[in-house]
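Some structures are shown below for you to check.
Two complexes come next, and they have one chain in common, chain A, joined by chain B in the first and chain C in the second.
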Partner chain A sequence: MGRELTFEIFRYNPAQPDIEPRMQTYTLEETPSMTLFIALNKIREEQDPTLQFDFCCRAGICGSCGMVINGVPGLACHTQTKDLPDKITLHPLPVFKLLGDLSVDTGVWFRNVGGKIESWIHTKKKFDPEAQEERMDNALANQIFELDRCVECGCCVAACGTARMREDFIGATAINRLARFYIDPRDNRDAADFYDLIGDDNGVFGCMGLLACDNVCPKQIPLHDQLGIMRRMATVESVKAIIPDFIRKKLTGCKSVKA
Partner chain B sequence: MNPRTPAEIRSRLDFWQAFSGALLAVFVCCHLILEGSVVISPVVTDFIGDWMEKIYVAQIVAPVILALILFHFWIAARKMPFRKGELTIFTQHSMALKDVDTALWIVQVFTAIVILFGAFFHVYGVMSQMPLTVEKSHIRLHEGWILFYTVFLPCTILHTGIGMYRIGVKYGLISKARRKIWRAIIWIGMGCYLILGCCALTRVWFY
Partner chain C sequence: MQVHYTDVLCMGAGLAGERVAVEAAQAGYNVICLSVVPPRRSHSSAAQGGMQAALGNSIMGDGDTPEIHFNDTVKGSDWGCDQEVARLFANNAPIAMREMAYLGVPWNRVEPGENTYFKGGKPFQATEKSENAGLIHSRAFGGTAKWRTCYTSDGTGHAVLFTLDNRMLQLGVEVHDRMQAEALIHDGERCMGVIARNLRTGELEAYIARATLIATGGFGRIYKATTNAVICDGGGQITALDTGVVPLGNMEAVQFHPTGTVPTDILVTEGCRGDGGTLLDVDEYRFMPDYEPEKAELASRDVVSRRMTEHMRKGKGVKSPYGDHLWLDIRHLGEKHITTNLREVYDICTRFLGVNPIHQLIPVRPTQHYSMGGVRVNKDGHAYGLKGLFAAGEAACWDMHGFNRLGGNSLAETVVAGGIVGKKIVEFLEGDSMTVRTDAVEDAAKGVRARIDKLAKGTGDDCYTLRNEMQDTMMEYVGIFRNGKDLQTGVDKLRELLERSKNMRLTGKGLKGQNGELSMALRVPGMIRLALCVAYGALQRTESRGAHAREDYPERNDRDWLKRTLATWKEGDSLPTLNYEDATPFFILPPGDRGYGGGKIIPGKEVTEAERVPYEKTDA
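Let's look at the complex of A and B:
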């Protein structure tokens, strides 16, 4: 017989503002290899069909089931109950719009931020559907793929102290996203263009180096390493009038493609 | 090259924050080592103090460092949780997350405020009783300054150590792969400086 797990789950439906936010307790017997996703489904199927939470892929790919697990943001489908104590407290991810209980709308936030950082390839080339795909160096393709692994679950944003205090801060995920275009040779933007997008306190300079984004990322993306590279680029860009060229080139340290 | 607009000039603040912070960190490290020379012998410290006064380094550096501290604080304060509700949000967030790096930021904010005021008292105490000698320091400590230094010294070391680590992380100089090693180096470094500072205080106390 497995452990008896006690779940303290945040309950609030914005569509019913007359009912106060509250914590509701559920108990469940732990089964082998149980994930939080399985546990929540069991609770919903057997105890409370009104419980709201998001899920889709069940494999850490869609990023839908992000929530705050015992104070730490993470994916429900990635989190095994055996790694948690008997009492498990669940809250919705902060920063994002609450839809109900554990369900939040990360989509609007990511769309807004994507717009702010112009998260698409900027090229002057006219698209030719008949032309062969352009070749790319394998190492560079892998680098871009590494940055593209973000599933936009929002855990890094929820764990970021800056994002919690300053709602305009674009977060590590957006800077990581922009780094992907920064190294992409198909994108014609130069350092000055990227600087214009993120070179302020809502962008890369807003980061206080708290590192929680890195620590909670379910995909183990080295978000802060990217942030560091982009910050260096933006800083060098911000002071390029007062720094000699040979130092500037050494400091940028991200890539030679668009130096 | 296009001239920068005022908004763009504002974004240089991050550079100046890191630059002034790095300069102050180097100063603190050098200052503590020179002060720590009293552990070897008060004669050495007196010699260094005398030499610094003769070539006017002490008289020039002290106000410059105070100005640099003010400048650094003024820039860094834009990130501090001074706006309504921010401190509460951050503290609650930090406590729930139980993340050391996040919690250390609160330590940095607290120590920054201590240093801001403490540095003025420290410089006033030292510069108003020239010349720089161990004997004068001994008298000052026995006049009650020992309590001030038991707070000021660890705060300065903590702020310097955490600040240097954070500059390294923020500018990608300390990568994720090497973060644990650097964290250990910084904590060991802070421990060594704290021991040196305590030994120096003890030596001056019993001068």
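Let's look at the complex of A and C:
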């Protein structure tokens, strides 16, 4: 016999506003290698078909299942019950629009912010199907991929103090996304363009440096490094007219993370 | 009911759906993508390995050409593929990889000079050419003459999907996520869009489109053990089958992978066995050498999967709350090897299983992995049977995979086929006009509403019970090892389940808005019909070809079965109607031996000169 686990799960269905938000208790016997993916599906299929939550890949790749697990945002699919106490409390991620119980609308949030920061390669070049690909250093390709690994689960945004206070704060995820384009030579945007996108209180200057984003990132992306790099870029850009060239050059030299 | 109008409607926003959407949007057409999840969560993101394309930049891919890629693909398919399509694919794959590089994919690149690579678990040195420095690199995958799989670290699908989705943002393509297509709108000749259920509100919405694309991925979830994401339930294929006029091709062609982990069926790479990992049974006895004295664990995917199943059937499996499994043992490879060369395996074991593979055994079982079959389309991606309906990617049977697809070919197919089908859709729209028949829209919506109403009144089984029984039936009787008796049992059980599904009930009454149980309940009867297409097609196909292995018909039979199964479903029937067509319009590569996997071949009639076409003679 495994442990008896007690789940305290936040319940609220916006389509039924007359039923107030509440916590509901479920109990489940723990089985070997049990993850929250297994546990929640067991509860839905065997105890309460009305329980709402999101899973997709169940392998830590797609970012669907971010939720607050005993007070800390994380991916439910790679959270093992053996690492948790007998009592497990689950809440939906804050900041995002609640769709029901543990399900939140990260998709629309990320689409909006992606549009805001123009999350694509800006180039005037046309694709030539006859031509060989442009060359790139493999180390740089790896660096870009390291920043491209974000799965947009929303955990960093949910853990962010600024995001809780500023509705339009773009979050560590979007700043990291721009840092990815900042180091990509295919993107022709320069510091002034990036400054226009994130050089304000809804961008890099809104960050209070609490760094919870970095703590909770399930992909261990170096978010605080990227915040620092992009903030320095934006700061230098904003004062470039009044500082001597040799200082400015020193400050802009730091363009990418060291592996 | 809210009604949306668009030129192109893409059902699914994974790699294939987005690649088509981008092509149509670039040509100036209005495109809407429907997706059950936000696009970046699509199952394409989970593909780690890479995309095959004969760029030939790397030293181990030196001298590669599309023709060699084509030959590998046809052999891999066990001659079940359409050779015209396979050629189209192989010729266009290098261009597609370069296009993805242009859009921003951080492909790994050639590093000139001496590099250490692995083959069969053993390291060796190879020198990359300096003139190729910085071009797209490639890695090894099974069944290929050259190393030609382009990759970005261990996240190729993720990187390409994010890049394409960035392009979607740039082009302003509308994406309606949490939207489940429930029925195609059609009049028996022309497809006019879909009726979808909004998974936020539970409301039905109509999408009227001149061209409709099915790009919803595979249907692995008809099996209990599958590497597929939970959304891979065949939703798109079901809408096609329900028309009664669109056939599904080769549904019996289902690929299994030997080492899915238990309980959640996340894949651990073949590299484990390649590097010297062994398979153990309940007594921690290494059983593979008994079955395959020569190759043991290194036999082909299909053979290892079959032997594992055979051994578990002898009662040698390890019992667990999640069903029987076997052990994969890599402990003897040592900590250093496991945490470097097999780091991804180490991560999966520790993070998802709570098993430390340096000191513990990894629970594994053969697991459904890929659906070669799907909505049968011509080389342009246009579905048989309905004008204006297209399909691409795993959802389609285009058919370059035949009875077995090679690793790295499926992910490449998504962007290659997506580009080609996208262009063909643009051509189609240019010469087309459509009269919307509002009665057809109303009929389709009424049909979906009737299904929902019926569920509310049902008194029989709940959807999870029926789904579980279907999944168990597929594992037990329509799995890796197939024979006439078991397949017949499977078909009988599935027919009974289909009958029971007519009285399915919802246990959570009166739930408004998002309703996971209703979503599942709406899928289950269709999934059972897909399962029947697989099971019945497999029962009729009295031969072994690629992944379809019949114990009672071990030979590949080119005399009688060099053809493709086409399954349609007539309303009210409890079985699909099966028809057949030639596997390929012509032969560039006449049927022969694959060179691996063993097995006898019953030869067909000699390929005539008229049926032969040289590779070069091509409009592709």
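Keep this in mind: the second predicted complex is superposed on the first by the 254 of 259 C-alpha atoms of A that agree within 3 Å, B and C clash if a C-alpha of one lies under 4 Å from a C-alpha of the other, contacts with A are read in each partner's own complex, and residues count from 1 in each chain.
Criterion: a contact is a pair of C-beta atoms (placed from the backbone, for glycine too) under 8 Å apart; a residue touches a chain by one contact, two chains touch by 3 or more.
Quick caveat, the model's predicted, so the values are computed rather than measured.
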item: Which superposed partner A:106 touches (first chain B, second chain C, both, neither); value: second
item: Partner chain(s) touched by A:33 [first = chain B, second = chain C, both, neither]; value: second
item: Which of chain B and chain C A:231 touches, first, second, both or neither; value: first
item: Which of chain B and chain C A:1 touches, first, second, both or neither; value: neither
item: Between chain B and chain C, more extensive residue contact with chain A; value: C
item: Partner chain(s) touched by A:212 [first = chain B, second = chain C, both, neither]; value: first
item: Chain B versus chain C as contact partner of A:114, first or second or both or neither; value: second
item: Touching both chain B and chain C, residues of chain A; value: none
item: Chain C residues touching chain A - in the complex, by the definition given at the top; value: 37-43, 45-46, 95, 97-99, 101-104, 106-111, 133-137, 152-153, 155, 158-159, 162, 165-167, 169-170, 175, 177-178, 200-202, 229-231, 262-264, 266, 320-322, 348, 351-355, 363, 462, 464, 506-508, 511-517
item: List of chain A residues in touch with chain C within their complex; value: 13-16, 31-35, 37-38, 44-45, 48-64, 77-78, 80, 82-83, 99-100, 103, 105-108, 110-111, 114-115, 118-121, 125, 127, 129, 131-138, 141-142, 144-145, 148-149, 151-152, 184, 186-187
item: Touching residues (chain side chain B, partner chain A) in the complex; value: 1, 4, 7-8, 10-15, 18, 78-79, 81, 83, 86, 89-90, 93-99, 101-102, 105, 166-167, 169-173, 175-177, 179
item: Residues of chain A defined as touching chain B within the complex; value: 68, 71-72, 94, 159, 161-162, 164-165, 195, 199-201, 205-212, 214-215, 222, 224-225, 227-229, 231-232, 234-235, 238-241, 253
